[in-house]
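See the structures that follow.
Look at the two complexes coming up: chain A is in both, with chain B in one and chain C in the other.
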Partner chain A sequence: MMDSLVFFIISAVVIAGAVGVVMAERIFHAVLALALALLGVAAVFVTLGAEFLAVIQVLVYAGGVVVLFLFATMLTKSDLQLKRPPRGDELAPVSAVIFAIVALFYVASSGFASLGERASVIGSVGSVGGLIFNPQAYVIPFELVGLLLLAAMVGAIFLAKKEAAK
Partner chain B sequence: MSVTVFHYVFLATVLFSIGAYGLLSSRNAVRMLMSIELMLNAANINLVAFSSYLGNLSGQAFAAFTIAIAAAEAGVGMAILLALYRNFRTVNLREIKELRW
Partner chain C sequence: MSVGEQYITIALFVIVGAIFPVLTIFVASLLRKPRTPEPQKYLTYECSVLPFGPAWVQHNVEYYMYALLFVIFDVETVFLYPWAMTYRSFGLFATVEVIIFIAVLALGLAYAWKKGALEWMRGWR
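Right, the complex of A and B next:
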């Protein structure tokens, strides 16, 4: 009973943040709503026993990505939404709603509810780290992700740098 | 009533759909990138939920990789956005017509 109450409160926070991202008139408010949604997802990870991922979520998303979005918002001048949407714009929301209906129908008709109780697996730092750094498991993907992050960092600096004066 | 994996998958589906709606309907590039982050988070909820209910830690390892790749994507996306803003003085995607077709 307590579990489901906590889950529904957290879900409401996540959904409210997500709706705020999409609907907020000003981009700055949308970024704040995104921070709310991402912290809510971290809380979802806690309810699932994934402590390590919850900490990573707060560190990387709430601490890094949201600050990046705030900088992008403040460095660019974004006008408010146009009053009259141009022709052909109704297609996007309609297709998204159709996708939502089909996906929710599929999820509802699947047998996921019969999967039963949560296993007592706990995603502590030690257990997830042991899996990632296990040579039989994910150590090579881990190194590749490190390489990808390095490439992304170099690429981002190169793209964002002002062109050198000739 | 106990919380089953179905509840988590349902939450992830709703979150993904909201992200898809924002991605398709927004005219601002910053909001578009934020919608992509929402969709990636929905995928992460699915990974961690099934990892937790099936008792297999692999899902959480993959979710950690997803978070790292999402951070890289956000960084590069933001750099492209700033370069775009330098050239066009706007982030409104309806006004940036070059290279569209």
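Right, the complex of A and C next:
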């Protein structure tokens, strides 16, 4: 009972943030609403017992990615008069409803088993580390993540350098 | 309640933090009557200097480069933490893995350094 109440409150905050992202008139407000939604997702992780994921969510998404978005926004020569253009797309709510129904059916039919109390064990730092550094488990993907980060870093610097040279 | 009891403190903190600014602004609006609007009152307060220009100035690309590198090494830190927690059970093997991981990312840092992404306000080489 208490759990579902907490879940519904947090979900309301996340949805409010998500709606704020698409409805905000100024792009800066949209980024702030995105931060709210991402923090709410971190709270959902906490209620599921996945505290490590919650910390990652705050550290990387709410902390890092949102800061990156803010800097990228401030790079633009956006004047204060910039407003979202009026839209005539009536299809948007329809497609959103269809997507929600499909997602709901998928979740309902997939039969996700509730982890219950085991979630805090599976999602703990120790067990995640045990999977990453276990030679039989995810060592190679872990190193590939390093290569992926390297590629992302080099690519972004290359593109930004080309842009700045203009 | 499967949620840890210690999170009640954080939840209270968030709730109080959300209510506090709203409440103070509401109380201030009660206190500042009578209401006599004047154009000077709506100026942005800036230490006795008249504000000029928009608050939105275009930032330099250096800020973006720093944010970008921050995100990358943020993710690196996320991976170092589980390694520190499981160091005792995996020992040398995991340490070698992490050293390779850090070395790969150090290559990226060296590239950024060489390209002058860490230089401040000096343009690009």
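A few remarks follow.
Operating definition for what follows: the second predicted complex is superposed on the first by the 121 of 166 C-alpha atoms of A that agree within 3 Å, B and C clash if a C-alpha of one lies under 4 Å from a C-alpha of the other, contacts with A are read in each partner's own complex, and residues count from 1 in each chain.
Keep this in mind: contacts are C-beta pairs under 8 Å (C-beta built on N, C-alpha and C of every residue); 3 or more make two chains touch, one makes a residue touch a chain.
Since this is a predicted model, take the numbers as computed values, not measurements.
Residue contacts after overlaying the shared chain place A:Leu149 against chain B and chain C alike.
Contacts of A:Val21 after superposition: chain B is touched, whereas chain C is not reached. When chain B and chain C are set side by side, the one touching more residues of chain A is B.
Shared-chain residue A:Thr76: touches chain B and chain C both.
In the superposed model, A:Ala35 makes contact with neither chain B nor chain C.
Legend: residue contacts after superposition of the two complexes on their common chain; A:Gly63 is shown touching chain C, with no touch to chain B. Applying the stated contact rule after C-alpha superposition, one finds that A:Gly126 touches chain C and leaves chain B untouched. When both complexes are overlaid on chain A, the residue A:Ala50 reaches chain B alone and has no touch with chain C. Judged by the document's definition of touching, chain A residues 3, 47, 49, 52, 56, 60, 64-65, 68, 71-72, 75-79, 116-117, 128, 132, 142, 145, 149, 152-153, 156-158, 160 lie at the interface with chain B and also at the interface with chain C. Those residues of chain A lying in contact with chain B across their complex are 1, 3-4, 7, 11, 14-15, 18-19, 21-22, 27, 30-31, 34, 37-38, 41, 44-45, 47-50, 52-53, 56-57, 60-61, 64-65, 68-69, 71-73, 75-79, 81-82, 86, 89, 92-93, 95-97, 99-100, 103-104, 107-108, 110, 112-113, 115-121, 123, 127-128, 131-132, 137-138, 141-142, 145, 148-149, 152-153, 155-160, 162. On the chain A side of its complex with chain C, the touching residues are 2-3, 6, 46-47, 49, 52, 56, 59-60, 63-65, 67-68, 70-72, 74-80, 116-117, 125-126, 128-130, 132-135, 139, 142-143, 145-147, 149-150, 152-154, 156-158, 160-161, 163-165. Put simply, chain B touches chain A in their complex at residues 1-11, 13-22, 24-28, 30-31, 33-35, 37-38, 41, 44-45, 48-49, 51-58, 60-61, 63-65, 67-76, 78-83, 85-86, 89-92, 94. Contacts from chain C toward chain A in the complex involve residues 1-4, 7, 11, 54-56, 58-59, 61, 63-72, 74-79, 81-83, 85-86, 89-90, 93-94, 97, 100-101, 104-105, 107-108, 111-112, 115, 117, 123-124.
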